[in-house]
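All chains are identified by letter, namely A, B, C and D, in their written order; residue positions are counted from 1 within each chain.
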Amino acid sequence: MDTVVDVVPLDRHGMARRLAADIPEGWVVNLGIGIPTLVSDHVPAEREVIFQAENGVIGVGPAPPPAEEDPWLINAGKQMVTLRPGGSFVSQSDSFALIRGGHLDLCVLGAFEVAENGDIANWAISSNEKAPAVGGAMDLAAGAKRLWVIMEHTTKDGRPRLVKRCSYPLTALGVVSRVYTNLAVLDVTPEGFAVRDMIPGMTLEALQARTEAKLRPAA
Amino acid sequence: MIDKFVASALEAVADVRDGATVLIGGFGQVGTPNHLIEALCERGLRDLTVVSNNAGTGAHGLARLMAEGRVRKVICSYPRSRGSVVLEELYREGRIELEVVPQGTMAERMRAAGAGIPAFWTPTAAGTQLGEGKEVRAFGGRACVLEHALKGDVALIEAWEADRWGNLTYRMSGRNFNPVMAMAADLTIVQTQHRVALGELDPERIVTPGVFVDRVVHIPYGKPRLW
Amino acid sequence: MDTVVDVVPLDRHGMARRLAADIPEGWVVNLGIGIPTLVSDHVPAEREVIFQAENGVIGVGPAPPPAEEDPWLINAGKQMVTLRPGGSFVSQSDSFALIRGGHLDLCVLGAFEVAENGDIANWAISSNEKAPAVGGAMDLAAGAKRLWVIMEHTTKDGRPRLVKRCSYPLTALGVVSRVYTNLAVLDVTPEGFAVRDMIPGMTLEALQARTEAKLRPAA
Amino acid sequence: MIDKFVASALEAVADVRDGATVLIGGFGQVGTPNHLIEALCERGLRDLTVVSNNAGTGAHGLARLMAEGRVRKVICSYPRSRGSVVLEELYREGRIELEVVPQGTMAERMRAAGAGIPAFWTPTAAGTQLGEGKEVRAFGGRACVLEHALKGDVALIEAWEADRWGNLTYRMSGRNFNPVMAMAADLTIVQTQHRVALGELDPERIVTPGVFVDRVVHIPYGKPRLW
């Protein structure tokens, strides 16, 4: 692998900020656990985006100050949250009707791998040691109008996560439309990954060296 | 006069049988019928199938029920919560069956049971491990799997307010699986934080009509303990 | 057909009163249009029975006095009604989830014909002149825990309505459990119609003469 | 700032196209988006498919839309209401297609469209004329027919209260088909009796979250005229 000098990969908040910049006002958005949850912190308060949590909270607001914490009001990650004016509560079945019925403009999930055909693997490692836990990942991935993945470009030991075919168990097939990594933003197109933009100093060649799937510049 | 209130949680679960399928409301620790689960533990039953989004934390509630060997099978979407050690251990030792179901499919399967739909098609899980062994058919060019109604013999529910007809409201994210489970079981048992007079609930604000409820116990439990 | 002397068939209210006497407190009941609607008038106010209307009204009360009429509150027959304390409003989809999910203890419908195997025909005549209208009849007939039919024992020109096989288009198959007529109350059993009781002066022979299907006394 | 209010009913329906499938809320004359239907009449469209429980009475609303030749097909459960002469006449003359659907199946087919279920099995109509030509399968020994999701290009809805996010409440039996149709169309247009500030509606009392709503017109119409 070649060395890219003077390139500073985005940290978790940097990735979340980059993705948040692309969410327009008015979208209904579900954020997965982990880095995706950080995205809402980077949407300016004056830009109205409606965040939805699987457990039936529509219009999730920021985390409350300690004095205003209410354990009756949690998100799908079981963290205490607030409700924006205009927010509402629905049951789990109505919440997933919303999710599965194509009413989310966007879902943002983390992933182990994304394949060039849009497959996503984010729910299980292949080992059978631990009880598998899927939560709402498969419903979200199959149901949202758009699925954007936010993840490190490679694993800690440098193995690519943008692959030709996923090696981990799949969450859903052919559903990812865009990937935000610590190095770049890539669209999933019928011809595979297309690089929309890269962090300063990164080159297509250096990015390709960190990617299993074939990359091409966006049209 | 219709009066669905009973005196205690123990009385409410007195006729639950060995081998029953029990739907348990709540998401995380919010909206969980904790007193009804403890009462169920007291019954010393065998071979229960439990349907619940999470699989218990710590040593209380569902974790206790499993630890005491009452549960043959768990159907849930997310068994791996903070402190869900009991299930992990039983699972590793092969002493409990686990059916992991996508959360939306789990909710929809219970809604189907409550609404008289024996089976439905969904794209969720098609082509994945959790879709293996299921009938597949394409609709509009998209692969779907056939999912079947998931019905309970009993549902344990937590509500915020209840009246003697069993009309229920919920509080914030305490609503979660409770309304759908209430309609999906032959016997629906509710623990409610508040008991109100008939006619006191705004008819536009009732979430679960009493039609779906069989028994109610007044347990002013207070705030959920998150972990 | 033999003549039965001194027999006074029940009128519509008499039939409704007879059926109402068999509804215990606490049941959730849907009443069809026509004679079934009269049944609620004959349930004593102190016996709490929860009447449900397809258009999402649970806990239907009696018709309002003219001064209290509210056009926002109608039943499935589009008549203005009242709401009992404890009543609630749900959507049509939730209302039919209730109906189709087996949560009605009882549905009472009128019918053209009931067959000895429990088939019911109540929604269409065979002619193709008029636009057919089914409403909720098929959902109610298929979905309720118990279906009781209330109807005249014969047509106006004396043709039996309790038949071996329905000649009119079916509403649902094998679902009727009891029939209340102006002459008798009959259970539908695996062996066909069993007569529970008859109006004063009526005999099994005379009733049989007015019935196509074979009758037997209830066990 | 999200603001789904538009100035007029005409503006709200300005981009509905020829051939569209239009879901129209209401049961009888209650909860019917009468001003939106009149605005649709003004558009002079062709070949609409209308999904509505009833098929119009008198000479207004849906009856007018049909009388003016805008409707190719009606999908409904109960076309035969007091004064539904327009449909009867068009039907007799073979100038309109009519698909009669059991009321619960109609509601469930739209709920399926809104919930991402392409098809489901139901015992309703199995073995009857209305089940003819449908795929049949037994579940638990009971014959069921396969029913498909019924999705609208447009839904016309009447609400009682609405805020600028499109959150809705309904009034009494004015709720009826409105919530399920709101979630079953690509474009959901609401006429509301009352316009309220964002945050004014109790979050526990909102029946249709604004997520399902695209446009709202404030039309303080008043009481429904029953016939």
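Criterion: a residue touches a chain if its C-beta (ideal position, glycine included) is under 8 Å from a C-beta of that chain, and two chains touch if they have at least 3 such contacts.
Everything numeric in this text was worked out from a predicted model, so none of it was measured.
Asker: Looking at the contacts, which chains touch chain B and chain D alike?
Answerer: A, C
Asker: From the centre of chain C, which other chain's Cα mean sits the farthest off?
Answerer: Between chain C and the rest, the longest centre separation is with A.
Asker: Please tell me whether A-D or C-D has the greater number of C-beta pairs in contact.
Answerer: Spelling it out, more C-beta pairs touch across C-D than across the other pair.
Asker: So how far apart, in whole Å, are chain B and chain C when each is placed at the average of its C-alpha atoms?
Answerer: The computed centroid separation for chain B versus chain C comes out at 35 Å.
Asker: Any idea how many Å lie between the Cα centroids of chain C and chain D?
Answerer: Those two chain centres are 29 Å apart.
Asker: If you average the Cα atoms of chain A and of chain C to get two centres, how far apart are those centres in Å?
Answerer: The separation of the two C-alpha centroids amounts to 55 Å.
Asker: Using the touch definition from the top, which residues of chain C touch two or more other chains?
Answerer: 83, 89-90, 96-97, 99-100, 142-143
Asker: Two-or-more-chain contact residues of chain B, please, as numbers and ranges.
Answerer: 108, 111, 115-117, 122-124, 170-172, 203-204, 207
Asker: Output every touching chain pair, sorted by label.
Answerer: Touching chain pairs, listed by label, come out as A-B, A-D, B-C, B-D, C-D.
Asker: Would you tell me which residues of chain B are touching chain C in their complex?
Answerer: 1-2, 111, 113-117, 163-165, 167, 183, 198-199, 201, 203-204, 206, 209-212
Asker: Of all residues in chain C, which touch chain B in the complex?
Answerer: The contact residues of chain C facing chain B are 25-26, 28, 46, 48, 50, 52, 58-59, 83, 85-90, 96-103, 142-143.
Asker: Note which residues of chain D are touching chain C in the complex, please.
Answerer: 27-30, 53, 55, 77-82, 87-88, 91-92, 98, 100-105, 107-108, 110-111, 122-130, 143, 170-180, 207, 223-227
Asker: Could you pull out which chain D residues touch chain B in their complex?
Answerer: 108, 112, 115-124, 139-140, 142, 144, 148, 169-172, 202-205, 207
Asker: Per the contact definition, I'd like the list of chain C residues that touch chain D in the complex.
Answerer: The touching residues are 53-57, 70-76, 78, 80, 83, 89-93, 95-97, 99-100, 124, 129-139, 142-143, 169-173.
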